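One structure, pasted below without further comment.
Labels run A, B, C and D following the written order; every chain starts at residue 1.
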């Protein structure tokens, strides 16, 4: 009964208006348990990919109605706290994969790095401050590389 | 692939220091998908009951670390937003079962009623305002009655 | 420069559709610094009263736009976190005055009592659990009594 | 009585361990009404500067106790929602000034840009995505320039 090991939870973050390439990348990332913002675009593609690999998908919705979840969300968590829910997505995951994305994705990258959750990037934001080491986003070149790096990092944190 | 029907999610709320009777009641309520605050007391008893019935358990944790989840939580959602997470538990469920409980439970009853989510009570708060109809908490006398009423109400909302 | 003493902050909570009597009560409560939900009804009446007594008014808004504040709010805090902002109103105050109110007010009463913030009631919810002492809401009969009790309690906590 | 014009509220964001230069910059930015995270470092320096210019200072605290506010905070808002409060700071301001900063500051920059709130930077993060226009952070070279740009932008939004 008592689980000895917590499940691996991987977040996929990214914009609601991805390119076709970004959507395909999100779909390829999959994972045992996927957490995301629960809406369209990269979030929907990631859920679709996870479901086709028999994963479980959790959508942390910003609004007040579960109907805003995309069709591939198994567990819609209806937060009603708007974009502040980005803090929840990033805290809950053992690793975050950022694909493309706009400013909401940038806020999630900031949260994840601040919480000590590793961030794997694929065509996403690059961030730096003059005179400081670059932010430790692990930039990758293909969805396969992103998925492999994310899985390896999540296992280390388990 | 595309789910036609959203899952039934039942919340069980109640205090962290329940009586033995309250804990047994929480354990008996179970449900297909259980959402709760993820910690000890009524929350842990409800998760244990759900797991023994092969349910899936979601813990909406107030703090910043998944280790605060009880051992029967399958999916720990690490909110970091403290007691404000009570709004999330009640918004996400189709029905709320309140067992005993203290002031946190009272805040959840207020949220659920305000969001239009039915509340089934078992030995919990009674609330009224002079000159107004009583708050529509459905008070029940046994765990079996509470579980049956909750399931029937959740199905109506599905 | 360095303030030696923190300001007294009094919360007034209550519904958006008060009776004329409830609105008059809210207007009479006033206070040095008033915190509330920032919208209409009891919240607006309380802000109007505080401004006519040269107080400072803070509105903790649920939505994403400062224009939802009533005209008597000096400082609109735009939370975007919906009703979860009820936790912020009650944590920030040294005392809470509940006037009438619906289920949102009930959630705030639950939060305040759980956070150890005293609650003064005027025609508001009565809450009890069988076999337990009544919840320590300080029920009062007039706005003047409510204001006096609230001020005395806030000073004790300063 | 009825305010015709909403107050200018300027946010200053930045890390809790600033360089001496960053702290001096924060102190110089000031403003009629300052909103910030309410704690030490850049936040404290900005509050100290605002108080020396007779401004009003608001601290949006992450924790559950007003005692975590720095000594120059006039109005401590006790959110209890942790870093998710970064969304509130940035939504409430008409303009955000980012001075130095770490990953929390990065999350705030992401939020502000996503909410359409202009961001003035001084020695802070630079963010870009390959193949996209640079993020519209207005980078400045001196505290005086940052303060002047922030004030002009806030007035446009009033």
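Worth a mention:
As a working rule, a contact is a pair of C-beta atoms (placed from the backbone, for glycine too) under 8 Å apart; a residue touches a chain by one contact, two chains touch by 3 or more.
All values derive from a computational prediction rather than experimental measurement.
Listed candidates were B-D, A-B or C-D; the one reproducing the A-C interface, defined as more than half of contact pairs identical by residue number, is B-D. Relative orientation of chain C with respect to chain D corresponds to a rotation of 180°, obtained by superposing CA atoms and rounded to a multiple of 5.
Between B-D and A-D, more C-beta contact pairs join the chains of A-D. If each chain is reduced to the centroid of its CA atoms, chain A and chain D end up 28 Å from each other. Computed centre separation for the pair chain B/chain D is 39 angstrom, with centres defined by C-alpha atoms. Each of the following residues of chain C touches two or more other chains: 64, 80-84, 87-88, 115. For chain A in complex with chain C, the touching residues are 64, 80-84. By the touch criterion stated above, chain C contacts chain D in their complex at residues 1-3, 6-7, 9, 33, 48, 51-52, 56, 58, 60, 64, 66, 71-72, 74-81, 84, 87-88, 91-92, 115. Listing the residues of chain D that touch chain A in their complex gives 81-88, 100-111, 113-115, 123-130, 135.
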